[in-house]
Structures are given as structure tokens and as C-alpha cells.
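Here come two complexes built around chain A, the first alongside chain B, the second alongside chain C.
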Partner chain A sequence: MNTLASFFTILIYPAGLTLVLLGMFYEWLDRKLVARFQNRVGPRWFQPFADAVKLLAKEQIRPGIVNPYLFFGLPVAALAGASTAALYVPLLGFAPPSSFSGDLIVTLYLLSLPTMCVGLAGWNTTSRFSVIGATRSLTQLFAYEAPFLLALLGPALVAGSWQISEVNEFAQTHWLILTQPVGFLVALIGLMGKLELPPFDAPEAETEIVAGALTEYSGRGLMMFKLGKSIELVVGLTLVSAFYLGGLTGIGSFLIKSIALLVLMAVMQTLFTRFRIDQTVGLWWRFGAIVVLMQIVAIILWKGYMP
Partner chain B sequence: MNIEQTLQTAEKILAPWNKDTLRPESNRMDMVVQTDELRAATNALHDAHWGYLSAITGLDLGVESGQLEALYHFCSGPVVVSLRVRVPRENTYLPSIADILPPATFFERELSETLGFKIEGLDESDRLFIPDDWPSDVYPLRSDFAVEQAAPVSGSRIDEIPEQGMLTGNTFVIPIGPQHPALKEPGHFQFTVDGEIVTGAKMRLGYAHRGIEKAAESRSWYQNLYLFERVCGICSHTHAMAYCMGVEKLAQVEAPPRAHAIRELVAGLERIHSHLLWLGVAAHEAGFDTLFMYSWRDRETVMNLLEQVTGNRVNYSANVLGGVKCEVGPEQAAKIKEGLDYLETRIRHYLEVVTTDAMFLNRTRGIGTITAAEAEKFGLLGPTARASGLMRDIRIEAPYGAYVRYPVSLVTRTNGDLEARCEVRLEELLVSCFAIRAILDNMPEGPLTARMPRKIPAGETIARVEAPRGELLYFIKSNGGETPARIHVRTPSLCNWVSVLEKAVGRQLADVPMLIAGMDPCFSCNDRVVTVLRTDKKEAWSWKQLREYGIEYYRR
Partner chain C sequence: MTANSPQLWQQVIDKVRTWARLNSIWAVHFNSGSCNGCDIEILATLTPRYDVERLGVKLYGSPRHADVLIVTGPVTRQARERLIRTYEQMPEPKFVVSVGSCSISGGVFDGCYNVGGSVDEVIPVDVYIPGCPPRPEAIIDGIIQLLKDLQGGKPRSAVRPNVAAELPS
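This part shows the complex of A and B:
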């Protein structure tokens, strides 16, 4: 890969500009849909962009007692983690620029990075709301992470590969939502948990703990965390639609499938009341993890006896 | 049991301590009790299960008489029995009755902070109502109080409040308020949490004290109407109504029947607006924003109706002394009925949502359960009490005004959790809609106002009305002049706080906002005793300076 191509990969596509714009677009779409469902007007199309510009222009206030390296480094790590994950997924339906066997696991770890960073950031700022928020973020991480991983493992097992691009190719001929509906649901709801969207927004429940772990963040740092979350949304939607909705073949199929998923998520955000953190954990471990585990066992048995 | 029998029962219970009996009004009995016998008398009433402690009014009988007086109002149905205790100014000790009747805690603190009663056995380590930099030994409601005395003192309590972070081990103090997204109004709570479990709760009020009770003493009877309307933005009508009813009783003027009917009509609409607002807030606290948005959208309908009738959306200003100032004609009646049709379908829908939506029930069913016995002990009022199976509704227990002619039915539940409180409030709205229709169909003809004298004859009276949050009690004392001698307002929220603080302990932190919202707290109800306007420089500002500052601020 020559230097120019590398620069293009990092700055324009798939990381960099494309990713940022896509993230903003999906964030806007999510907010707009939820607003319309709630009988509100909702933001204008350029609102996420305007928010980003405003936050970038603002002063970033650092609380006196924090570790400055962590305080300024964590938002960068969160954004970098989410953006790097985009390198391994078929963004916009094109083949991922980087691919190797086992990149599914790497992607999932990279996608957990923003949450870990949020947790650390909350712990670092030592505000009482932040600490409670961070505890909840990390508790929630332990709740949904395993079921979400298992839900994406299902298609990978069936496809016989742990490489995202290969699963994507396999899925183009097999609509796995039909054969693994449980896995699809767990993956979708797991994604909502990952993104701390309602009803899994206990870590940032404003009526109890203000803005949770990010209470003390402002300006650039806050903007990077938010952007990281938007990018995580895009990457997550790409993964789930590639695995379960018949694969991604081009821009058209990418947009249709991921937006269909987003609409579904917006409906769920509108319909449900926030879970308490103990209820979230209970839901995942008493129900989510068990059903998806049963599905994995079923797949393994099926693969073993019906080659 | 009729009024006379109830009074006799009380007299019999209190006979051993009774020094003097007065009968100021047909439903009231005042008994003079000695300071050291107050506890015994309270105990007797408590043991006999006679009524509940509704309020404690503090009176300053003037410098010449050298005495302060505390009135303990016990209510049972329409009957009010007041125990009057007099103490000399130089020795204002009163025994605390908070261990017998927990709701007395807040009343006693109000007494001690505003009138300088020294309550024995009361925790006075911090202040509940008056500012932290208020000088000690200056009591705003004393008759010899002068504004100059209230210059803020520095270095006292306000600077001592430590930045409490981690206490011991994993215990945290989570401050909620006075500025917090969950509280749209200024109050301060400190919840000690161990992980997610609340282990202790404390509260502080008074961030927006406006000194209304004090201000009332220097304004004429008419001017005070506008003042009391502004005690609360949500239930402004019931405040004005209680004030008017009290003053009318003192002046022995009876408002015309049409005026009473319109008062009940506006009160009904106000209840709809208040409860729908509450539903939205409760849903938001639970993290169910969709219900919040929808219920507030529908609330606009009733706001428009109120504007139709009174001309105002918030402080309706429907009352005048001796009647009302707004007319409800056939055209408005038709509009109201049309609005009610829509509201009724929506309220039925919400009733279905709060009782069937599994996710919402996750957050309400079995949470914050208060049994009937506890409700009795905490002295709960209004829908919160009715959700626990207590039959407390002044509109039914002691019908006033038009409620005799257009009665409402009692709505109660027995399970006492948040779900029951949602149900009670919403079902009450259907009852209110029904009553409003009845009024519109049989509106009595006649004038809107009766003539009121400028000076109100000397006397004391108690007016009780059912506000959306529960019983509202006005104690009004006149010396026969153009201004009142003392007006004491006891709002329902004040009585319900005890339950929140008690019930929060042991629950999840996530349930706390719901518990607070569950009793529908109204901070403006609580904050009305006294304040000093001040800036960072800690100096008292005059009204003129403040006004100039405001104008200058917005010019920039």
C-alpha cells in the first residue's frame, strides 16, 4: 500500500471524513425518528454537525483533581477505537480495506473500547455522578458484551469463518435472520445496550446522575466521545445487517438495510421505559445470554451432525 | 358522626389537660393547654385515633403581651380542634411531639426557624427553610422583626458545608439539587448510597423563599389575593380559593352560588392540568419520555380551556374576595365540553398505559409501597394518601363551596405503591371531568360577586380546600384592620416529605427520582417564608436596586 492510498484510507474513506459524516447522519436520523415518534419536531438535518462545530469551538474545562493525560487521552482513544473498528467492516457495502482471519473478535474488542474509555473517564473525573455513571457503564458492559458476542458468533459459525468479509459473502446467499431470529434480536438489543440507548440508558440517566460518566466533560472531549458513539452506531449497524440481513453488496443495500435496522431501534427506544441497572443485568444474564447460548449449542450440534 | 359528636369526643379525650375551651366557629374548638402537658394531650389524641395533625401555626401575640403562641391543628373530617400553647417570649421552650407524630418534624422546624420557638428534642444542626447565612436569633415572623436585622452573616453555616465526597468505604453522598436535571424546582437532597442502594436521606428546602407570609402582613386584604395566587404556579387557583373562602368566612359574606360553581369548575380544570403535568414528570423520571411528551401535549388542551375561561394560562386569577371575576357563558361551556371529550379519551388511554405497560410497571409496581398504617403515621395527604387506602379528601370529608351541590366521588387504592398513585391521580381526573360536566349542565344563575367590606372583622378562621396535591390549610387572623394580622399557609407537599425520606432508604438510587415524583412535590408550596435578596457580595439588595440590576442586565 503506497503512502497516498494510506492517507486516503485514513482521512477520507473508510475512516476519517466518510465515517464522521455517516456517523452524524445516522445520529441525526435516530434523533429525528425518535422525536417524530414522540410527537416532537426533532432536530434539523445539520444539527449533529452544528453540535460538533459548537463543541469544538468551546473551551474544554478540566477539573482540578483529574489526571490530565487520562482526561485528554481517553476521548481520543474512544474515537480511535470506534474508527479503527470501521476498517474491518463492509462499510457502505464495499469490501473492508483490511481483513484477516479472526478480525471479528478484534472488531468487537475495538467496539468495546469507547465504553471502557467512558468508564475510565468517569472514574478519573471523580465527580459523584461520574463515578456512579461509570460503575453503571461498566456493569452494563459485562451484561451485554457476552450475549452480543455470542449473537454475532452464530452467523460466523454457520459461515465457518471468523473473518467479517467472508461471513458477509456467505450471508449474501443466506438470510440468517430467518434461521437465527433469536441471535438477530439479541444482536440488535445488544447494540442498543452498547450504545446506551433507551431503555438501556441507566448509565446516563439524567434524572438521577445528570450525564453519568461524562458529566465533567465539555468542549472537544465531549465531542469526541459523542462522535465515537455515533461511529460505533454505524459500525454496529453495518455488522448486524451484514451478518443477519443477507449481507451487504453495495451502497444501496447498505443504506436500506442499516436504516431499516435503525428504524427498528428507534421504535424500541420510543416504546420502552428505562431499565434499572439491576434489571438490565438480570435481563441479559437470566434471559439474553441463555437463549443465545442455546442457539449456539443448536448450531454446533447441527454443524456436527449434518455436514 | 356529626360535627357536634366529633367535637364532644375530642373534648372528652382532652378533658384532663383542658384549661379553657373556645368555640370560634361551629366546626372548630380551641383548647388552651399548658406547655408541659402538650405531649400528654397529643398522646391522648394519638392513642384514641382521633383525627390527624394537620398543621402547627405559630403566632406572635405582640411585644406588649410578651407571649408567643403555637396552635396545633388536629383535623377529623370537617372538625378542627386546635391545642393552643402559650409561652413567654423570654423562654420559648416547647416540647417536641415529632416522636409521637412524625409529620410534626417539618412544622416544628418552621416554628423554630421563623418564630424562634425553642423546640426541645429537635435536631437543629442545619436549617430547613431560612438561608444559611441568616443571622441566628433573628426570627422573621416576629412582630418586632426589622429588615435591617436580617443582614447576612458570613462565616457561619454556609461556609462550613464540606465538599462531602467519599465518606467511608464505598459510601457516597449523591447530591440531588438545588440544580439538577431531575428537579425542575429548587430543593436539595443528600442521598447516601452504598453502590446503588440508598442508605440515608436528608433534605433542605428554602432556596426560593419569598417571604409571602411576612409580606402578607403589610398588604391589604385585596392585595394579598394576588400574593397568595402566586404561592404556586400549578395550584394557584386553590390557594386563592382557600384565601378567599377564609376571608369571606371572617367577613361573614357568602359568595353567590354561581361564583362557587365557577370556582369548582376552575379547580377541576386545574386538577386536570396539574395531574397531567405530574404524569409527564413521573414518566420522565422513570425514563419513559414518550409518555412524557404525549401527556404534556394533551395538557395543552386543558391549558387552552383555562385560558378560555379565565384569560390566563398559569395564574388564572379567577377569584376575587366575595366571588369570581370570570363568567362562563354558553359558548365557553361548549368549548369546555369539547375539550373534555378529548381529554377523557386520552386519560382513559393513559390509565391503560400505566396499568398494563410491562416496562413501566417494572418501575412502578411494588415500588415505594406505603401501607395504610404507615400513611396514617406519616400524616400523608391527597392522592398519595388515597393510594394507600386512606380516605382523605377535603372535598368529600368537609365539602366546601359548590362541592355540596356538585359532589365528587372518592378514588382510593389499597396497594400504596407508585402504580396505585398513578391510578388514583388519573382516575381522579375522570371524576373531575364528570363534575365539570355536571356544573356546566346545571350552572346556577345569579351575580358573580358579593360585596366585601374593606376592613375585615377581628377573628381567626381556618380554610381548608383540597388542592391537587392534598389538603391545603389557611389559617387567617384578623385584628379588624385593613391588613391581616397573620396568615399561615400549610401546603400539602410539606406533609408528604417525611414519607419520601423514609421510603428512599434501602431502595435503589434509580428509584429515588420516582419516589420523589410519586408524591408530586411542589417546591414553591414549601418555599414561602422569608428570604434576603443577595448577590455574591453578600449584601442585601433593595427592591429598587434589584429592579435596576435586572433592567441593566437585559440591556446588555
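This part shows the complex of A and C:
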């Protein structure tokens, strides 16, 4: 029975099927919203599914020079990392199936695993576009990772726990977006940087470097990287909405809050043009990191004086 | 019943695969010596007014990601090798759409000292879209033709590339 329950956890909910379908739904919603903002009709609802099946049915070409184990292993690692992160967040508003003290750090580490896999994949394929894309990917990782972590640390500090489920419970009685608006903004923009969405899509700028680190990937590998990114989107949205938007209590609140966040992200994707990589790094370290650090200091002082 | 089930599975998988191919077409654009007229029309096809993303068509930069190679212009001697290389970099199954009169017959450039000939002399072509340049509607219609061919299970076009030695010198 226990084994059956584990299989259910891994294959159906929350990892596996539910997560894949949610990821595809959110990817479609994102594309559709951006299309509507650009006065287009946009893709049909099954578009990400058709893309995934088509990529699965395609030939996967391996360049002669790459290390085959890395080339075929990295997409799997990226997808696995993103899916594992879903075990610790209140997906669909239910309590996370696995929870321990400090799982916030584990989740954030698992969420940056796909980016590191993309960087390694770009370095491994040795094509010039891949190498430049990988370098930019990793540079950007160093730029947004610290502010994003600090922005999620604010609610954790206030709640007095580094456990995602406890912060979620605390947030249900405190709308932290009202007391920590700076942290919310930094977390939202950090999520966009993490997902390499348009203002921060220098790592895969198709006008300069073809497709960045994934230039040489085709078929299954490309599909796994793309799916990993969609799943990262779902997990990231869950995390930010659970921390800042009054917690997640059920499917309804999960859908409303995460889709509200997604609409905000789609608006920003449409409004802003692509930053150069040095502008991205400058934005995070000269501005994002400093304001969020000031907020953390303020929280610590407030907690020290008013216990 | 049991004897038929592998076949049934095969049929179902084939159906799903064909459906996915029909609804998700990623294109890569190659200019093999065109005057840029057709390229501008292709870009116009991708603009919000015509919005081919509603049909699942997206333009990608890398031939490794693409299903359809859109070629414009006559094949010049310099572009010939690059065209073959780009075509060979694409993963199977792959299709070629030749856009514009020049890519079909050489057009006004036919017989020039630097022009090798039409696209189908170099790589196999699935759909021809005539016009100088073809309107975006014509390009979308060409894509629909390709989809219909795929749906009907029509065999790939059997035009084989010539060898380099056969080109006029």
C-alpha cells in the first residue's frame, strides 16, 4: 500500500502527470496572454501538448564532439530537478507531500538545477552559440539568484520558519504583499529572470545567438528542457503566491492567485524589451539586491525590537 | 482481438503523432540568394496581422529545432553548400517549402553566371509557393497545402538533388 502511494505521488500527483499538465496549461496561458496583448489571436489550447508530442516523435541528433552521457543525461536532470521541487510546495493549494525544516533552501536549489543543466549543456555542445548562451545563462544565474533568495527569505523570517508549509500557514492570516511590497516585486522579477522570460531572455536571444545553450538540442532533449522550464514556472508561481499573496488554501485560491501573478508577468513581458546581459546584472546587483537587503535588515530590526 | 492489439496501438500512436506534427510546425528561414522581397513577405506573415502562431507555426533560429525549411530565392553557387548543410542539420521528419518564383525556376536570375538553379535541384521540396513575391495569404495557403499532404499520408516528393558536376559552369 505504501509503495502504491509512493507510485501515485511520483506518477500522478503532485509530480508526474498533474505537474506536466499544469506546466503545459500555464505555458499556453502565458503565450496566449502575450499574444492577446500584442493584438494577435495566439496559440490554441493544446499547443504545448502538440509541441511536446511532436518533439518526442522527432529524431534526436547528437553532435559528434559531445560527451554522450552528459548530452543525454542533462535534460533528464533538468526535468527531474524541477519536478522534485514540486514535492515541497503547496501545489494546487494542498499540503506538500514532503516537508521538513529548511525545505525552502532545498526547493530553491532544485529550482536552479535546470539553469545549471542548461549551462552545462551549452558548454558540452561546444557550438559557439551554445557557449555564449551558456555563459550568459550562468552569468544571469549569479545575478538573480541571491536577490530572489533574499526576497523569499523575508516572509520566512517574519513567519519564523524556513519550512514552506509553515510559511504558507502563516501567510494565510498575513497578506505579506502589503508589508513587504519590495520583496514581492523582487521575487516576481526574479522569477522572470529565472525563467529567462522576455526582458531577461539574453541567454536565448534568437536575433543574436540562434537559441542560446540549446542550439544543438533537438527532439527529446529539447522537449525535456522546455517541459522543465514550464514546470519551473508552475513551482515558482506557487512559491511566490504562497509567500506573498495570502497563502494557498485550495484549488480555487491556487488558480486565482497564480494566474493573477502570471497575468502580471505577461504584462511585463509585453512592456519591456530585452536587456543586455550587463544591464541585467547591473539591475540585480545595483538595485534589486540592495533594496531587498535593506528590507531584510528592516525586518530583522523590527523583529528585534518588537518580539 | 489480442492479435490485433499491437496494430491498434500502432495506429493510435501514428494518429497522435500525425496530429501533433500537423499542429506544431516550427520553421527555419533560409535565404539562398533572394532579392529580399520574399523574405519581407515571410516576415509579414509572422506579424500580428496574419499571426501564424494560431496555426502552431513558429519561426525558430536553429535548424535543429525546426520541422520546415522555408527557402527563398534561386540557389547561388555560394549558398548551395550552405543550403545542403542546413537541410542536413535538421532532424527527421523534415519538410521544405520553396517560396517565390526564383526558388521554383530561378526566376529573373535564371542563367546568371553565379546562379546554380532552383531549390529542387539541390534538396527535395514538398511545397512550391509561386509569386514575385507571394502574398502572406499565399504563404499561409502553402502551409495549409503542406498540412493536407501530411494528413493524406502522401509520399514525400521524389525530386532528388543533382550532383554538383551537373550544374552549368
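We adopt the following convention: the second predicted complex is superposed on the first by the 306 of 307 C-alpha atoms of A that agree within 3 Å, B and C clash if a C-alpha of one lies under 4 Å from a C-alpha of the other, contacts with A are read in each partner's own complex, and residues count from 1 in each chain.
Here is the rule we go by: a contact is a pair of C-beta atoms (placed from the backbone, for glycine too) under 8 Å apart; a residue touches a chain by one contact, two chains touch by 3 or more.
The model shown is predicted, which means the values in this text are computed figures rather than measured ones.
Chemist: Of the two partner chains, chain B (first) and chain C (second), which one does A:Gly219 touch, if any: first, second, both, or neither?
Modeler: Touch status of A:Gly219: second partner only.
Chemist: When the two structures are overlaid on chain A, which partner does A:Asp201 contact: first (chain B), second (chain C), both, or neither?
Modeler: Only chain B; A:Asp201 stays clear of chain C.
Chemist: Is A:Ala57 touching anything from chain B or chain C once the two structures are fitted on A? First, second, both or neither.
Modeler: So A:Ala57 only meets chain C here.
Chemist: Now for A:Ile277: first (chain B), second (chain C), both, or neither, which partner does it touch?
Modeler: first
Chemist: Tell me which partner A:Thr126 touches in the superposition: chain B (first), chain C (second), both or neither.
Modeler: Only chain B; A:Thr126 stays clear of chain C.
Chemist: Give one of first, second, both or neither to describe whether A:Arg44 is in contact with chain B, with chain C, with both, or with none.
Modeler: second
Chemist: After the superposition on A, what does A:Val210 contact: first (chain B), second (chain C), both or neither?
Modeler: Touch status of A:Val210: both partners.
Chemist: Can you give me the overlap between the chain B contact set and the chain C contact set on chain A?
Modeler: In chain A, positions 38-40, 129, 206-207, 210 sit in both the chain B and chain C interfaces.
Chemist: Where on chain A does chain B make contact in their complex?
Modeler: 37-40, 126, 128-129, 131-132, 135, 198-199, 201-202, 205-210, 270-279
Chemist: Which chain A residues qualify as touching chain C in the complex?
Modeler: The contact residues of chain A facing chain C are 31, 35, 38-44, 46-47, 49-54, 57-61, 129, 206-207, 210-211, 214-219, 222.
Chemist: Where on chain C does chain A make contact in their complex?
Modeler: Chain C residues touching chain A: 16-17, 19-21, 23-24, 48, 51, 53-54, 56, 60-62, 64-65, 67, 89, 91-93.
Chemist: Along chain B, where are the residues that touch chain A in the complex?
Modeler: So the residues of chain B in touch with chain A come to 165, 172-176, 180-182, 193, 195-196, 283-290, 293-294, 297, 357, 359-360, 362-363, 508-513.
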